[in-house]
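Input: one structure, supplied below.
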Amino acid sequence: MCGVFGICGRLDAPGAGRSLSAAWLAYLGLFALQHRGQESAGIAVSAWNPPARAVGENEGERIRNRFARFRDVTVGGGILLRKEMGLVAEVFDRETLDQLPGSAAIGHVRYSTTGSSRRENAQPLLGITSYGPVAVAHNGNFVNASSLRRRLLSQGATFQTTTDTELVLALVSQSAAERLPEAVAQALQAVRGAYALVVLGEEASGQPVLIGCRDPHGLRPLVLGSRDDAYVLASETTALAAVGAAPVTELEPGQAAIITPAGVRIEDWFPPRRRAFCVFEYIYLARPDAELEGQSVHGVRQAIGRQLALEAPVAADVVIPAPDSGTSAALGYAQGSGIPFDLGLVKNRYVGRTFIQPDQADRELGVRIKLNPVSAVLAGKRVVVVDDSIVRGTTSRKTVALLREAGAREVHLVIASPPYRYPCFYGVDTTDEEKLIARKHSVEEIKELVGADSLHFLSLSGLIKAVRGVAAEEEKPEDAGLCTACFSGCYPTELTDEVRPAKDELERG
Amino acid sequence: MCGVFGICGRLDAPGAGRSLSAAWLAYLGLFALQHRGQESAGIAVSAWNPPARAVGENEGERIRNRFARFRDVTVGGGILLRKEMGLVAEVFDRETLDQLPGSAAIGHVRYSTTGSSRRENAQPLLGITSYGPVAVAHNGNFVNASSLRRRLLSQGATFQTTTDTELVLALVSQSAAERLPEAVAQALQAVRGAYALVVLGEEASGQPVLIGCRDPHGLRPLVLGSRDDAYVLASETTALAAVGAAPVTELEPGQAAIITPAGVRIEDWFPPRRRAFCVFEYIYLARPDAELEGQSVHGVRQAIGRQLALEAPVAADVVIPAPDSGTSAALGYAQGSGIPFDLGLVKNRYVGRTFIQPDQADRELGVRIKLNPVSAVLAGKRVVVVDDSIVRGTTSRKTVALLREAGAREVHLVIASPPYRYPCFYGVDTTDEEKLIARKHSVEEIKELVGADSLHFLSLSGLIKAVRGVAAEEEKPEDAGLCTACFSGCYPTELTDEVRPAKDELERG
Amino acid sequence: MCGVFGICGRLDAPGAGRSLSAAWLAYLGLFALQHRGQESAGIAVSAWNPPARAVGENEGERIRNRFARFRDVTVGGGILLRKEMGLVAEVFDRETLDQLPGSAAIGHVRYSTTGSSRRENAQPLLGITSYGPVAVAHNGNFVNASSLRRRLLSQGATFQTTTDTELVLALVSQSAAERLPEAVAQALQAVRGAYALVVLGEEASGQPVLIGCRDPHGLRPLVLGSRDDAYVLASETTALAAVGAAPVTELEPGQAAIITPAGVRIEDWFPPRRRAFCVFEYIYLARPDAELEGQSVHGVRQAIGRQLALEAPVAADVVIPAPDSGTSAALGYAQGSGIPFDLGLVKNRYVGRTFIQPDQADRELGVRIKLNPVSAVLAGKRVVVVDDSIVRGTTSRKTVALLREAGAREVHLVIASPPYRYPCFYGVDTTDEEKLIARKHSVEEIKELVGADSLHFLSLSGLIKAVRGVAAEEEKPEDAGLCTACFSGCYPTELTDEVRPAKDELERG
Amino acid sequence: MCGVFGICGRLDAPGAGRSLSAAWLAYLGLFALQHRGQESAGIAVSAWNPPARAVGENEGERIRNRFARFRDVTVGGGILLRKEMGLVAEVFDRETLDQLPGSAAIGHVRYSTTGSSRRENAQPLLGITSYGPVAVAHNGNFVNASSLRRRLLSQGATFQTTTDTELVLALVSQSAAERLPEAVAQALQAVRGAYALVVLGEEASGQPVLIGCRDPHGLRPLVLGSRDDAYVLASETTALAAVGAAPVTELEPGQAAIITPAGVRIEDWFPPRRRAFCVFEYIYLARPDAELEGQSVHGVRQAIGRQLALEAPVAADVVIPAPDSGTSAALGYAQGSGIPFDLGLVKNRYVGRTFIQPDQADRELGVRIKLNPVSAVLAGKRVVVVDDSIVRGTTSRKTVALLREAGAREVHLVIASPPYRYPCFYGVDTTDEEKLIARKHSVEEIKELVGADSLHFLSLSGLIKAVRGVAAEEEKPEDAGLCTACFSGCYPTELTDEVRPAKDELERG
C-alpha cells in the first residue's frame, strides 16, 4: 500500500513548450498516487548539472557550496532528496520543489508495512554506494528481510532505517557488477517477496539512470509511459495521465526497465514464475479511473456489484454505497438488482489526517463529523449498503449504527469481496492476523457484531469471474494469474523467513 | 459564503458524561460548516472562570499572568480568540484548543466578501467595548458599510480591519443601552443588508452571554439547537448534528436568541419585512444532508434534477454529475429521464488549498490532477453532465474538454439553476458583474464558449416549483419567500450605499 | 525600558548610492536599541506607493490585492505592520523585511511596563482613525491611563490591547484638529506621565508623516538625526550611528519633531516644566557607547566608579566587574583606587531568552551556565566586585556565592548607585515595591542577605556629582534636572491616577 | 573547532537529589562548549529502558510503538538522536529534550571542517552496525579520510554523509572484535590525524557503553570528570563545571576511557608518539575560564600580553581589546606596558548567526551594528588595540577603520600570536591557504592592507615561553609538546593522503 513514481529523460525537448523539472512532474504524479499511502512522501532527483561556478569561488568551494542554499533537502553526491511525514501537499511547496533541480526523479508515498512509521523510514532512501549515490523507492514487502539483514550486518554493513528497502542499497554496494543496473539485478537475486521498485543513480559520466522492476510473480503493478523525450514509471496509469504521459506498457513480472536520457531498455531479469497479481488492487487499492492489466478498475468493480446482485439478492428500497470505495460496486449492484441507487451517506471532505478526535466520552462525535447520513434517503427504508471489504469490522459497525439512527428500517450489508481471513505479507498492512474479524468469526457472527439485518460476502469464484470474465468462473485462483492469498490462504511465494515476517521485525535488531 | 457557530450553557451537566469545552464543540461544529468557507477559521471563548491563583502570586500578578501560557491566542479581557488563515484542521490542534477554556464560544469559517483575504480580517473579531470584551462573527454582508464607517470615524471611532463586521463593535460601544443584548439590537438598527450574526460577551457578573440574530429578510440561515443544558446556534443543521445537539427551531427573519448559562430567550428585534431566503443555499451553498426551512437539501436538488429532465430532455447514453455539487441533481435527472446514472469523473480528494499549480506551459496538467475521467464510462458515449451553476464558465469549459478527450461522443451540459446574471450583495462573492458569463452572453454563446453540444439551464419558475412544490409554479419569486436576485435582478433590500457596494469598498479608506 | 525608532524622508537620494528601505534601516536601528527591550519587536511602514497594477486587474481587485502576497504583515490602509514576541533577529528576516516597503517607518523594542507580555500588546500599535491609518510606538508610561481609558470607553471607543499606548489612537481619532500632527498634540494634552513617542501616519495626499515628541519633563530620551534627505528619531544616539545618520539634536522636554519627505519642523508643544531626565538611563539603561545630554555614558559610569573609590575605599587585591553592566564603573573604581582591574567572571554569550532552566533540584546548574568564574583571578584574593544596582538582590547573592566557591578570600560588593527604594512609574518595571530589597532592608541587612564581606552603595549626592560634575555636589536633585525618584522618592509628576498605577491596571477592565 | 561531550552512569543515585536525564546534562554541557562551534548541534542517547507496555498492546506493536510519540528524534535501535543546524538553544527545547530519555548521552557542536555545512553532516552520527546501534561525535580531522573511504566503498560499505566521522561507523561494523570498545580501538588503527572522539553504543545486555579517546599526538583536548555515580567526557573543563562534575583527569594522547553504569576504565590504545597539543587552543579556541594541561587559559593569554609588551613596546595613551577574544591579552599588555586599559569598542550582543546583512551599498552599516566605538575613549588618542590573531585580515581592516572614524589619532595593532602562515589539517577551518593573508604578505604589507600605524606579531619563541614558562624560551616547538604547524609549518603527522586533504574532499565522490 505504497505508490512509486519515476521519470528520466530530456524534459526540455525543443518545441515541446514544456519546462517542468522532474521533481515537479514527480510531485504531480504522487498526487495521483496519494490514495496508495498518506503517511509520508518523498522525491529524490539527480542534479547532475551542477550550478555554474560563482565569481571568485575556487573549485573546492564550488563543490562544497554546490547545494548550499538548498537547506530543505538532503544531499548525497549529486542526488538530492526531500522526504517528510505527511501528505504530498504538506511535504512539498514551491520553495522545496525548486531545491530539487534536474531531469530525473523518483518519488514515493508510503503506508508503512515494514519499519515503523517514522521520518527516517520514509522513502525514497538515499545512500552513497560503490556505484556512487543511489536512491530507491519500493512498493511491496521482502519476506526474507530479517535473515538478509542479519547476514549483511555480519559482513560489516551499517543501516540507518528499519525498512526492508534499505537492504537494496547494501546489496547494491556489495555487488561486483560493472554498472548500476546489473548491480541492482544481482542485488534482487537475494530478495524474496513482492516489489515494484524504482532506483535512481548516476553513471560514471554523471548522467542519471532510472531503473524500475517488478518481482517475478508480478504481485505489485508498475507501468511504463512516455512524455516527449522522457520515460515515466508509476504504480498506476492515473499517474501517467497526471504528468501528460501516454501509457507504453505494463512491465511483466520479473521485467526491468532501464531509462537514461538516451532512451529506455526493457530486460527480463528473472525466469517466469506463476503470475500472481494482487486481486485487492482491483477491490480497493487502485483508483477507479485506473487501468490494471488493461482493464478499467471502475468496470471491474461494477461487474463485482452485478455479480453480487446475482449471488446475494436482497429485498430493499434503496442501494447506497459506503463512501467512497463502495461506489462503483454499489452502482453495479443497483444495475443488477433494479433497486434504485441513491446517496445515503455524505463524507466530510475536510476531515483528514489532522482531525483531532475528542477524548473519551465524546468520541462518538468524531464519527458524526466524518460521515453524515441523508435522512430523507434513509428514513423508513430498507437499505442495501455496499462496501468493498471488511477487515477489522469496526467501520462497518459504526456505519450500520449511523444508518439505523437516521431512520433506516432495515440495513443489509453487501461486501464486494470474500471474507478477509489471511494476513498479507506483500505490502498490505494486515500482518497481524489477530485483528482480522473473519479469521475468528463466521459470517453469521460478523453480522451480529456489526449489527446488520443481513450480511453477504462475494464468493471467491464470483470474484475471479468478475475480474477475469465468465470463462474464468471455474478456474482455480492460481490459474487466473491472481494472488488471492488474503481470501484463500494460498501464498504465491514460500514464506522462507521466520515463517511469519512481521512489520516490526527489523525494529528488534 | 461563510459559516457561523455559537454555543453557551452548562457543559458539565451532572450525569451527562460529556466533558468537552465550548471551543472543542465549536471546532467540531466548524468542521461541519467548512464547505461554507475555506479561507480562514476562528474561535472565541469566554473564559470567565480564571485559573486559580498560583502560590506566591499577588493579585496584580495573578491578573496579568492569567493567560500567560496561552501564547497562541489573543486576549481581550476575559475573551480569548484564535483565528488564522486556513482550514479548521490547519488553524486548530489539541494545543490551541486547550488554550480556549470555558463553556461559551463562537466560531467562524470565512470566504471573504467584504474586506480582503487577510488574517486581520478573519473572524471572529474581538474588541473591548463599553460593555467589556465582545466578539462577533458574521455570515452575510452589510450594504451600507461604507457610509456607516465614514460616520463612525468622524465620531472618533478607530478600526483594525476592513470588514463590515467590525462596525458592529463600534456601534455597540456607542450604544447607551443598559446591557449588551439591547446594545446589539440598537447597533443593528443602523445596518442594512444580510446577516446571520453571533455575538459573545460577558455580563457584569462575568457570566457569558451569546446572542444570535437574523436580518429582517432572513437572507442567511441560522438555526437553534440544544444539547443537555446548553444551546447551540449554527448556519446549518449539519453543525448541530456534529456536536450532538437536537434542532429546536430556525430563527425567523428579524429574530434574535439571547443565551446565557441560565437558558435561552427568543426576541423579535425587527418588524416583519418580505421574507427572502437565499435560493442559492438550496442550489449550491448548503450541504446535501442539511435541512433548510424544514426541507432536505438533497431532496430539493433531486427535485431540481427531475424538473430539468422535464424541461430539458436530451437523447443520451449516460448521466454523470460534475463532482461533487452536481451529484444530487444528476441522480434526479437520471431518475426523471430514465438514462442510466454513472460516475464519469473522479475528483482527487487530496488536491486542496495548498496544491501548487505548475507555471505556464504545463498549467493544463493541474486540471488533470484535480479531475479524472473514467474512460470506460465515457468512451463513445453521448454524455449528459449535470452541474449546479455556471458563474464564470471556466470550469465548465475544462470539464467539457476533459470529457471529449476521454472519448465522449457528445457532451450535453445541464445546469441545475437559471443563468447567473446579477451580482450578489448579500454574502456570495460575485460582486464583480463583469465576470458573470451570463451577464454578457446568451445561452447559445455560452454553449459555444464552453464547447458543449447542447446547454440547458433550469427556468426560474422551474426552480421555484422544485423548491416550493407544484402549487408554487406560477408564483412570483417575492411571493415564494425566496431571494432570487442573482437570477432575476430583483433585490429584496434597497441598495442604499453607493448603489454598488464592492468587496474592496473599505480597503480604500 | 523600551526603545523607539523612526525614519522618514527621501531614501533614494540621487548619488547617495544607498538603497535600503525604511524598514531595513529600522531593523538596523532596533538592533542598536535591543538592550532596551527583549520581549517583543515591531516595525510599521507607510507604503504609500502601492505596487503597480497587474495586467488584467481591475481597479477593485488592484486595491484589494495590493498587499495580497504580504502574508506576514498586518495591513491597515497604507500602513503595514509586523510585530511579534522575541528579539529583533527572531521577528524579522529577509522575507518579512521585504514585505515592508516604503520610505517611512517606526520601530519598537519592548520590555513590558503597562499591559501584559503578549503579542497583542507588542508595539507599534496600528489603527484606522479619522485621520486614516496611524501607527504609534512608545517608551515610557502614562500615569493616568486607567481613568483615561474609562472615559474613552464611556464615549464609545473600542480597544484591542491593554497598553496605555492605545489611548493615543483613540484620542487622536476623537480630535477635531485639521491634520494629524495637531491631533497628536491635542491628544497628548490629556495624558500625564513619561513618554518618548513616535507616530506614523499618512497625509491626505498619501504622503507619510512621522511625528516624535517627548513629555514635558523630558523623562525619556529622544534624539534627532539626519541621513541624506531623511530624518531619524531614536531613543539613543547608538541607533543613529547604526543607520549611518549624523546626530542633529536631542529633542527638548515638551518638544515635537514633524517629519515629512519635504523636511523636518520642530515645535514646542508644552510649556516648560521642571526638567527631570531619568538618572537610571546613565546607570543602567543606556549603552556605554551612547551619548545622553551630550555626555558619554561610559564616561559618566567611569566617573561614578571613581566617586565610589573615594566614598567606599576597600582593602583588596583585585577589582572585577559584574558582567556586563558593571564594567565601566569597575574600570573607574580601579583607576580611582589603584587596585588592579581584572576579569573574574565570564558571561556565556549563548545563554539567552530561549535557554531552558532545568527543573527543581538541578536549577543551580543554570547559574553555572550563565556566569563562569576565572579561578586563576580569584583564588585566595580579596575581591571587589562592582555592579550597577541592586533591585531584588537575587543576582547579587548568586554572584557572591559563585566568587566564594571559586576561591575568593573576601568579596566586597560595590554598587554604582544609591539603594533602589521606590517604584518607578515612568517606564522601568519596578512598580511592585514589595520586591525592592532596599525598601525593607538596611544596607547591613542586605549585606547579610547577599553574603558579602562588605557592601557599599553610592550616595545620591555622589551620583549627582558624577553625572553633573563637581559644581553639582551640593545641588538638590530637582535642581540638577534629573529624576531620581527610585532613589529619593521624589516624583516629578503628580501621581494623579489611583495613586499607584500598576502594570496590570488595564488588564482588569 | 568542534566540541564533544559524553556522560554515562547512574544519574538517579539515591540521596543525590539530582534527577536530570543524560540529555539535559548534555544540553547544559554543550552550552559551555558553544564557542567551539555554532553551525549545528546534536545529542544522542541510549534509551535502554524502553517505556512499559501499554494496555492491550501486543509485543510487536510495543516494539514498533516504542518511540512513536517522539516525532522530533531519529531512532536507530535503542539510540535516539536529535541534530539540527543552529545553536544549542535553537536545536533543543523542553519538548525535544523530553524525547531523549536515559542515562547515557553524547553531544556535539560543530564548525564544519570536513564535509559541507549541511544537516546531514551534523553530528552525532548514528548507524546500526554489527554491534547494534552506535553513535559517534568527533572533534578533529582525519588526514587519510579520502583513501579510507574509497577502500570501504570498494568493500561494499554505504555512506549517508560526506564527513570523515562516518568512516568510524563503517570500520566498527567491519571489525571482528568481540565487543564494541575493542571494535572502536581496531577501527582507529586505520585512521591518521587529529581526534577527540566520543562513541555511544549498547552492550548485548542493552546497557549503554560510552567510549572516549584522544589521538596518539594529543592534538585535541578531552577531559574526564565525575558527578555522583556518573562519568563525564568533554572538550573543555568548562563543560564539567556546567554539569556540576569535578575534573578527574585529562586523557593522555592515545588513551581511551570506557564508561558503563558500572564505572570507568582507562586504557592505552596507542604507543606514545610525539606530544603535539594544539597551541591555538590557548590563543583562541578555548574559553578564558577553561584550564588546559593544568593551566588557566586566561592566565596564559595574560602572559602572552605581557610578553608582547616586552617584544613590541608602543608609545600610546590607551590599550583596548578587540572584543571579545583579545581581552585577556590586552589586560596583560596594559599590565606589562603601564599604559591604561580601557573599553574602546563595544560588541553588540544581539548580533548573531541570524542577523541579516543589508545588500550592496549599505553593507558597511552591518559592521557598525556589530562593533561600536566609544568615542570618549578614543578621540584624539594614540590607541593600542590587541587582537588574538590575523587569519584573513578583513576583520582587522574594518576594526582599524572604525577606530580612526571614531577619532583615534594613531592605531597600533598588536597580535597575540605569530603570523598564521600554514593551513591546519587538524580541525581548524583554514585548509584553503590562498586565503591566509600572512601566506602571501610580509608584516609590512599586512600593516598597509589593514591600515594600521604599526603592526606587531608575537614571536614563536615568545609564544612558547608564555605557554611553557621562561625555561622553555629556547626550546624547539617539538620539544615543548605543542603543535605550532599553523605558524611554523611543522606538522606532527605525515600528511599521507593526497598530500593536501581538503574540506571538500569527500563531496567529490
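Per-chain numbering from 1; labels A, B, C and D assigned in written order.
Operating definition for what follows: a residue touches a chain if its C-beta (ideal position, glycine included) is under 8 Å from a C-beta of that chain, and two chains touch if they have at least 3 such contacts.
Treat the numbers as computed from the prediction; the structure is a model and nothing was measured.
Participant: In how few steps can one go from chain A to chain C if every step must land on a touching chain?
Facilitator: The fewest steps needed to get from chain A to chain C is 2.
Participant: From the centre of chain C, which other chain's Cα mean sits the farthest off?
Facilitator: A
Participant: Using CA atom averages as chain centres, what separation in Å is found between chain A and chain D?
Facilitator: Centre-to-centre distance between chain A and chain D: 47 Å.
Participant: Distance from the CA centroid of chain A to that of chain B, rounded to the nearest Å?
Facilitator: Centre separation, chain A to chain B: 37 Å.
Participant: Counting only Cα atoms for the centres, state how far chain B is from chain D in Å.
Facilitator: 60
Participant: Return the residues of chain D touching two or more other chains; collapse runs of consecutive numbers into ranges.
Facilitator: Touching at least two other chains: none.
Participant: What topology does the chain touch graph have (line, ring, star, complete, other)?
Facilitator: Basically the chains close up into a ring.
Participant: Which chain pairs here would you call touching?
Facilitator: A-B, A-D, B-C, C-D
Participant: Which residues of chain C touch chain D once you look at their complex with the stated criterion?
Facilitator: 17-20, 24, 27-28, 31-32, 34-35, 38, 87-90, 92-94, 97, 238, 241-244, 287-289, 291, 296, 298-299, 324, 327-328, 331, 335, 340-343, 346, 348-352, 354-356, 358-362, 364-365, 368-369, 372-377
Participant: Give every residue of chain D touching chain A within the complex, in rising order.
Facilitator: Touch list, chain D to chain A: 58, 60-61, 63-68, 71, 74-77, 85, 116-120, 126-130, 132, 153-160, 169-170, 173-175, 432, 434, 502-504, 507-509.
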